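Following: one structure in structure tokens, then a few remarks.
Chain lettering (A, B, C and D) follows the sequence in which the chains are written, and residue indices restart at 1 in each chain.
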Amino acid sequence: MIIVMKAGASQHQIEHVFEKVRELGFQAHPIYGELRTVIACVGDERGKSRLQALDSLDSVESVVPILKPFKLASKEWKREKTAINLRSATSNGEAFVSIGNNQFVVMAGPCSVESREQILASAQQVKNAGARILRGGAFKPRTSPYSFQGLEEEGLKLLAEAREKTGLFIVTEVITPTDVPVVADYADILQLGARNMQNFALLKEVGKTKKPVLLKRGMSCTLKELLMSAEYIMSQGNYQVILCERGIRTFEDYTRNTCDLSAVPALKEMSHLPVIVDPSHGTGIRTLVTPLAKAAVAVGADGLLIEVHPNPEEAFSDGAQSLLPNQFEELMEWVKKLVQLEGRKL
Amino acid sequence: MIIVMKAGASQHQIEHVFEKVRELGFQAHPIYGELRTVIACVGDERGKSRLQALDSLDSVESVVPILKPFKLASKEWKREKTAINLRSATSNGEAFVSIGNNQFVVMAGPCSVESREQILASAQQVKNAGARILRGGAFKPRTSPYSFQGLEEEGLKLLAEAREKTGLFIVTEVITPTDVPVVADYADILQLGARNMQNFALLKEVGKTKKPVLLKRGMSCTLKELLMSAEYIMSQGNYQVILCERGIRTFEDYTRNTCDLSAVPALKEMSHLPVIVDPSHGTGIRTLVTPLAKAAVAVGADGLLIEVHPNPEEAFSDGAQSLLPNQFEELMEWVKKLVQLEGRKL
Amino acid sequence: MIIVMKAGASQHQIEHVFEKVRELGFQAHPIYGELRTVIACVGDERGKSRLQALDSLDSVESVVPILKPFKLASKEWKREKTAINLRSATSNGEAFVSIGNNQFVVMAGPCSVESREQILASAQQVKNAGARILRGGAFKPRTSPYSFQGLEEEGLKLLAEAREKTGLFIVTEVITPTDVPVVADYADILQLGARNMQNFALLKEVGKTKKPVLLKRGMSCTLKELLMSAEYIMSQGNYQVILCERGIRTFEDYTRNTCDLSAVPALKEMSHLPVIVDPSHGTGIRTLVTPLAKAAVAVGADGLLIEVHPNPEEAFSDGAQSLLPNQFEELMEWVKKLVQLEGRKL
Amino acid sequence: MIIVMKAGASQHQIEHVFEKVRELGFQAHPIYGELRTVIACVGDERGKSRLQALDSLDSVESVVPILKPFKLASKEWKREKTAINLRSATSNGEAFVSIGNNQFVVMAGPCSVESREQILASAQQVKNAGARILRGGAFKPRTSPYSFQGLEEEGLKLLAEAREKTGLFIVTEVITPTDVPVVADYADILQLGARNMQNFALLKEVGKTKKPVLLKRGMSCTLKELLMSAEYIMSQGNYQVILCERGIRTFEDYTRNTCDLSAVPALKEMSHLPVIVDPSHGTGIRTLVTPLAKAAVAVGADGLLIEVHPNPEEAFSDGAQSLLPNQFEELMEWVKKLVQLEGRKL
């Protein structure tokens, strides 16, 4: 932590800061510049927000952190990449998937679970095209209270049935702490949506389970904040976090969001956790999903999360950004070629 | 709702949209332009997201809503301003406050309840200066899992003691649905933080109580989205919602957030609900709080939410943006003058 | 300047940075932390972008500037406020205005000069209401090449006639370096629009004149960048710069821009230059102009820039955000009261 | 254009709008909804900003354009893709490049022309790796007046010498209208920087030349605004415009900008013009340039603009985002493979 004193700070004020720094258990090194005094504080500054609080002193211009505020999620704490392994045995045989490894993992399916027929058809379609994980929302966070709110536990049961029939793993969203046990009973991966990235009570709750967590970036959150939210989950003992870029809010209005693909290599510079991309929410427009999905492979993502619907114009939600099954097949052909080019497997 | 067809849409495609519109219970009026056909759909479009879903058709360029997506929160539904009245009887006598009326209401106090001594001192200080409502967090949503998370129910008890001693009303944050009953037991107003503006499970839960709700704007949310979140609460039967502008995230980095004061008159054009401003979070810098607070009065807010701490450099959170008690007094002098100028009372 | 080395940087790499820092004329102070080495560079870092360039070394994590990058515009260089004085002698008598002083200065008029009749009527109306400076565009920067581009020199002549008739001073925009001489011939203040805030050739050119410059903040520019643009003008010898907040681009779409009133006290903390607010562009909506203008007075601005049009529905540009003359009069009544409250004069 | 009347607009007000619409040469079709009246205006609305101006009427809630505001740049005006062909004959033989075609074109070189030695070495290096066009700034738009401002005409001469020696074409920036003739004398492509995207005087001036123009997206501009700026150039008779995504400003601070790769397919949906990507400015970080460049190929760009410097730590500008020559070679190996996969050539 570097404390920058205001120009004209008195010796008395500087000494006051010195004392404070030492009280908090850090060493203080002054550097007297031409116009300003700077105090370097040596010690592990993470989790010590009270050092940051020195910016409340009138003599202090700013407090500049040097270390990143997350630890367990950082590459410094764990240099080798984290791989998240899923295993299952269903009537469809045994299945194994590893996310964050040499394998490129595609998760696909409809936005919402709407009916038995719809989810089973979707599951079979995305499986045939090469997806390994089925997505589908049973609890839906909707911006309007008047919109379809999901089939809830009934939807979870349908997802479990689809898993049993196809051997696909299940990723589905949980939106409030009290629902965590029931969703964890059915799902292989717990999804936390963009609007819940800083729902700290929910982060803590999923951190207490043993299920992998797919954590979506908040729509106006920085990558450091995303990693702080991962840290929340990990600080409870659950280290299986998958980060997901799903588009951020900008002033561009042609697309629903701006899909920030630089997030992928940037997160990999900072963290050991796997990173996937959701180009469906990332763009909000069906015709842009395939180009962005291809770009996500090329940029180095560990996987994709894609909305596919057998009949988008009848979809209860997100029809405009859902691929048709045959479009998804074509995309998967591309994904295979690109993944091979990099010496990876699907 | 206006449906804009793509240039070159065939007569067959146009008719398909027509049918869909009618199936959904709307009248369809075509307008054949030089380059495009436009279909005007007549009927109440709110709550009918499936009409919006027609943008998933390849022949449709865009679907433009005409009505605002909220109803109960809108001025069209209720033209007269909503006033939220608080009444209490404590050892300090009877108290009454009305928010959204001719009265300008100041809520003030520390970011967090830290100790009995701190909260009782703060309460007395802000009361003496003219505040009517005491703020103080017992459940704290913190971006780091390693930061102080609040005194929880113990904090609520201290707030209740401060109310009993001063006659101030209490506003305090609730961060997860299961805590709503306990917070509602102690607080006069339930606060929903910016990061929870779209925590829909929490919105529904506070909507089921009879306590007024102070709803903060999400840091990258639009005013329409804020009103949709108010609609969530109101759709559960609780119409006592106070909207709060607390700064939005922009690329400006001198301030912690950008306090959007145009939100006040803009919300009042769209809604009948009271609107207050939080210049402490809105700026994040102590020296900017007073000018922005004055501006908030001038722009027409119904009240202010201000952080005041007896000793900011020892604060567990938000020290840098907390006013000192004497600074708060000076601010209140200004507020009084400005409020009088507009023929209002404090 | 603080250079943060990457974790694991070798002693050899640290020494290489040391050498580089010394070669560039700075003293280097190392601080060896638990996880990282930090090098504090002592010396005046401004204008020395090559020190910043050390972030191109693989061993360097980041380079953190301590000093602000502007000098002439900063409060450290000049502590007392700058006042910009205008004097004239017309058939209307002598006039004097001082911007950045105890005087609150209102500049008003139509977006564009459209005709002799329109500009003379506007001038008289705004003068009667209490404005001291007439605005009106003769060279118009328009986002569409098919929109009205301004009356050019003919417009300047009409502005000069309006000055002669009313004694108002003239502020008008210049959009390209070659037009600077002709605009400077007619205008009292040269206006640089938001889209030209970083038109460096134009900044240099107006820096070579002796006319005061009204510099608008770019729509996605930070306050530091605004002050760097002021520095450009000042570095050419022209110290008469008036800063103008006119709204920044955010994701909010109810308003045309988000008027950042915290810019006023923030700029006054960093700089000695006067700061005015343009609530017309700041909001883009007529009904919001008056509340934001009042707030701008309360927040401590030195003046206002307001669009007023005798007949907005016939305006060639910006009709929707122009006040009607009687609305402007009402606004001025408020401004007078607020200005008096602060012990200032209009 | 759709005009939405306010709820409660009187019949008289509706008729007034009708008349206005007809006066402006459009047909007006009313649609009477349950809560609002909407007036559809039929006719070509582009270039007719005065219809938009009806939003200045108090009875009008909003005016919603249906057509995009650009014409010459739109796909409706020209369905087939535009290819921009460059031909030259130098001592190095004849050269031909086509941008916007099946060919993928790489433009590379240093940020600034710094010396004869530097630019000639850079040119040879990028040519050897497979680039076809040399970039290098002679006129530099710098945010600080104290930074290196470029070698100006001397730099242009060095670029011409590099072309003569290598057969590479030259792209270089022009920053003010008066420099257009001299830059056009030396360059094969005129570059307009992000900060000049809405420098309308400059747009018009390059529109009068016969040289292709590389137009960079402004850092907070939408794609529609980018296409409006292309329209400015085209409206002067120069149809050879290359669009360039170079990152937009967001609240993310890990990267210098957020490279919006969805801009590529989105622009191709709206326009016939070629689109390239600049991942150097798009990210600002050397280690992110290669992944983003690969993603740009996969997303369907027509080419890349990349900063390469023989010795980045000595670069006068942008060292931190410049690739080393060997890194550029490795990138080009990837580009070749990806381009082949799509059946394209380099």
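The rule is short, and it goes like this: a contact is a pair of C-beta atoms (placed from the backbone, for glycine too) under 8 Å apart; a residue touches a chain by one contact, two chains touch by 3 or more.
Because the structure is a prediction, the values reported are computed rather than measured.
Student: In the chain contact graph, what is the shortest path length, in steps, from chain A to chain D?
Tutor: Step count on the best path from chain A to chain D: 1.
Student: Between copies chain B and chain D, are the contact residues mostly the same numbers or mostly different, with half as the line?
Tutor: Same; most numbers are used by both chain B and chain D.
Student: Nearest whole angstrom, what separates the Cα centre of chain B from the Cα centre of chain D?
Tutor: Taking the mean C-alpha position of each chain, the two centres sit 40 Å apart.
Student: Using CA atom averages as chain centres, what separation in Å is found between chain C and chain D?
Tutor: Measuring from centre to centre gives 27 Å for this pair.
Student: How many angstrom lie between the centres of chain B and chain C, each centre taken as the mean Cα position?
Tutor: Those two chain centres are 32 Å apart.
Student: Would you please write down the residue numbers of chain D that are in contact with two or more other chains?
Tutor: Residues 220, 249-251, 253 of chain D touch two or more partner chains.
Student: Across the complex, what residues on chain C touch chain A?
Tutor: The touching residues are 2, 4, 7, 29, 31-36, 38, 40, 42-44, 64, 66-67, 76, 220, 249-251, 253.
Student: Under the touch definition given earlier, write down the residues of chain A that touch chain D in their complex.
Tutor: Chain A reaches chain D through residues 220, 222-224, 248, 250-255, 258-266, 269-270, 282-283, 285, 287-288, 291-292, 294-300, 337-338, 341.
Student: Once bound in the complex, which stretches of chain A touch chain B?
Tutor: Checking each residue of chain A against chain B gives 20, 46-50, 53-57, 69, 141-148, 175-178, 195-196, 198-202, 204, 219-220, 225, 228, 231-232, 235-236, 249, 286, 312-317, 319-322.
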